[in-house]
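Report on the following structure.
Chain lettering (A, B and C) follows the sequence in which the chains are written, and residue indices restart at 1 in each chain.
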Amino acid sequence: MTNAAIEIQGLTKDYPVGFWRKRMCRSLDYLTLRVEEGETFGFLGPNGAGKTTTMKLLMGLIFPTAGTARVRGRSIDDVRMHREIGYMPEQPYFYDYLTARELLEYFARFFGYNAVERRERVRRFLELVGLTTASDVQLRKFSKGMLQRVGIAQAILHDPQVVFLDEPMSGLDPVGRREVRDIILNLKRQGRTVFFSTHILSDAEMLCDRVGVLVGGKLQGVGAPEELVSMEVLGMEILFEVRAGSAPPTSMAERATHAGNRYRIEVAEADLYSALEELRSCEARILSVAPLRPSLEDYFLKLVGREKATRPPIEVSLV
Amino acid sequence: MSTHTLKITSHVRSVTLAVVAVPLLFVAIAALQARIDVLSAPVTQDKEELVLRSASLLKKLSLGYDPLLADIYWTRAVQYYGTRLQNRSGSFQLLAPLLNIAATLDPKLLIVYQFGGIFLSDHPPGGAGRPDLAVELVKRGITANPNEWRLYYDLGFIYYTRLKDYQKASRAFLEGSETPAAPIWMKIMAARVAENGESLETSRFIWAELYDSTKDESVRKTALEHVQGLDAEIALKRLNQVSEVYWKKFGRFPTSMQELRGAGLVEGDLKDPAGYPYAMGPRGIPQLDPHSSVKIESNQRKP
Amino acid sequence: MSTMPAVVAVNTFREAVRDRVLYNLIIFALMMIGGAILVGEISIGVHQMVIVNLGLSAISIFGIIMAIFIGVGLVHKEMEKRTLYSLLAKPIRRWEFLVGKFAGLLLTLVVNTALMTLGLTGALYYVSRTFERSDVAILVAVYFILLELALITALALFFSCFSSPLLSTLYTLGIYVAGVFAPDIKGVGEYTQSPAMAAGARFVYYLLPNFHNFNVIAAAAHGETIPFTLIWHNTLYAALYVILILVAASAVFSGRNLK
């Protein structure tokens, strides 16, 4: 008796390439993965790694060369499986001659609601994604961000137990992204399983119980974000501001990076308090003190095989 | 992994259904079609797509595929004739228009003129009984193909066989004999027809020539019938002469072929082209066996 | 569950209705029918026959144009535009989708044909000021046109599953034209000397959808009644053939990997 929401076994997809379509290009290589009920799972990977291919295979849009998969115990070949899942494709394309409301009503019809229920649901979910005012505008007039929201709405309006989102944050402004994050968190709170792909690692870190990293069609690592990166503290980071006209303490001047009169410096954990003392003596204003740990991004990049990223220049954004 | 076991996916199910159902459905459809053909014969046959009777309009519409359309109309004409013949309906109203359309679309389709020449002029139930239309059609053919000796022959045929106009027939044969590649006998025929008018031997020659040279099945069939009929007539004529000799000799008419044989006046089988023995009729006039399938003109002239 | 095709059908109908091209075609067809009144004026005595002939031909031609024009994009467009992605994630089987698209377009054609027939009846009434029993033949002819359109739609849909709109149009048109000349193909088989040709022609004759069956326009123009058995047989013929094509389309589409 398993309560795996998603069970993928050796899923493989080959595409014929070349002029005569004789050579095979393997876009997914024996993916084996298991996602439990209620988990929020992040599917990470660079572009072209095979994330969308995986989703399309699970949705039955394309067919596997080998392997099987089950969602909530039902094979992906079983049409009944689709009652319990929601799917938001990577680039949402919908019937542009319909309005948002009409589209959602159309899709809602596939789930057997009566007219009253349908209308109510559509209204509720249009509100949830913030499209109430645009609900009677034809989709061909929608911006990408608005289409993205329609995409989410149509994926969840039938209260599916497992939700598949392919790059849900892409094309959204920060406000939009936060709204999507909130929706995902809400789904999580409702005990639903969320499987989403992204290449925004900070989102993954924040939202996911576990992540899987797909590179070149192969699953490279699976686990909770904090499991994948070590807890080792590499040092402390201090952000400070000097008074107008002054300069930072000489011992720090070379090692610090700055923008305007905002400075950033890394010190060894043992040197933290002496450094703070120095800053206090020149009346610098301490903005933040934080431990340096390897991030998911480091792990990610290491997997992808590139060199460790250099720390980016100081970018203090007011959030 | 699971490449050897066939997963019963929905795709596999669909394909299996298709492989089983499609041939079965095709068989059912074919059977239905056969039934429909039978049912719709009376409805569609008469009011054929002769909605477009105007041949010139058709020519414009055919976008340059005239010869192809001509073949189609020619085929239809043959079919039309064949079905009408079978039904013994006796009316061949659409035959002339169909043939004319074919001729307009492809004036060089010679078989159209020959076919029309024979079957438009033949009297019902074998043909439309319109020798005038036949002449018109063949003359069109001659205008379009002035060096085809065959067409003059076809024209002469109509005048000789159907219209009994031996002058015009002779003239047609003569004109034809002057075209390149015309056979030598055409001139002789012209002369003979002009002199003697109708004769069994000439008629037989004309029909036999048709039989030998045509490629069309219907034409061959009718030509053969006529040749056999004429052979029978010639034989009967000769037998009649023998009968008279017998009368002169014995003072009475012979009552059977045996008597003629007994008198040593004939020998051999005395069978008609269909294989039936000739019989002796009243007053010593030889006749065909009543069961014989051979048709002769004089038979048809009898009331 | 069996209402899935209906859901898709209604939406397909809605899409067609919102497509402006359709209205242009209908208006053009009605203009043709109106023009028929003028043309008929010229040839006295056959006024009605000309109107019926022209009118029914117009309805048939425009119906065919619509059926092919929309039909070849039915599946192809959804695959190209990827609207199928979100649709097929719903609990709908691929064949249900196909049947729904077919039914939706057919519904559109029925509505359009009905409108045009109304126009034709109006034109006839304008000319003759009375309805006759023989006018029933016109309705039968329209019904036959609809059967024809159903077949063409199914064909266009089938090709739409795997080939581009241009090629699908060519294939569908090709089969239609061949089907119109079906009896001539049969004639070739009967006329030819070679038994191989004869067998081949007969085989092709029974294989092709015989569109000639449905052409009773001339009979309708003469006000002839068409026997019920023929109507029934033709309906069955069209139904079986449509089922055949949809089964084949389902087999093709159910294994197709969407890009």
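Throughout what follows, contacts are C-beta pairs under 8 Å (C-beta built on N, C-alpha and C of every residue); 3 or more make two chains touch, one makes a residue touch a chain.
The shown structure was predicted, so the numbers you read here are calculated from the model rather than taken from an experiment.
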item: B-C against A-C, pair bridged by the larger set of C-beta contacts; value: B-C
item: Maximum centroid distance from chain B, chain identifier (CA atoms); value: A
item: Most centrally placed chain - per-chain CA mean versus overall CA mean; value: C
item: Separation of mean Cα positions, chain B and chain A [Å, integer]; value: 85
item: Centroid spacing, where centroids are CA-atom means, of chain B and chain C in whole angstrom; value: 41
item: Cα-centroid distance, chain A relative to chain C, in whole angstrom; value: 49
item: Junction residues of chain C, two or more chains touched; value: 93, 255
item: Contacts with two or more other chains, residues of chain A listed in rising order; value: 63, 79
item: Set of chain B residues in contact with two or more other chains; value: 10-11
item: Chain A residues within the chain C interface of the complex; value: 56, 59-63, 79-80, 82-83, 85-89, 91-95, 97-98, 106-107, 109-111, 151, 154-155
item: For the chain A and chain B complex, residues of the former touching the latter; value: 10, 12, 30, 63, 66-68, 77, 79
item: Chain B - residues contacting chain C, complex; value: 10-11, 13-15, 17-19, 21-22, 25-26, 28-30, 32-36, 39-40, 43-44, 47-51, 72, 75-76, 78-79, 82, 217
item: Touching residues (chain side chain B, partner chain A) in the complex; value: 1-3, 7, 9-11
item: Residue numbers on chain C that touch chain B, as the complex places them; value: 53, 93-95, 181, 183-184, 187-188, 190-191, 193, 205-207, 210, 212-213, 215-219, 221-222, 224, 226-227, 229-230, 233-234, 236-237, 240-241, 243-244, 247-248, 250-251, 254-255
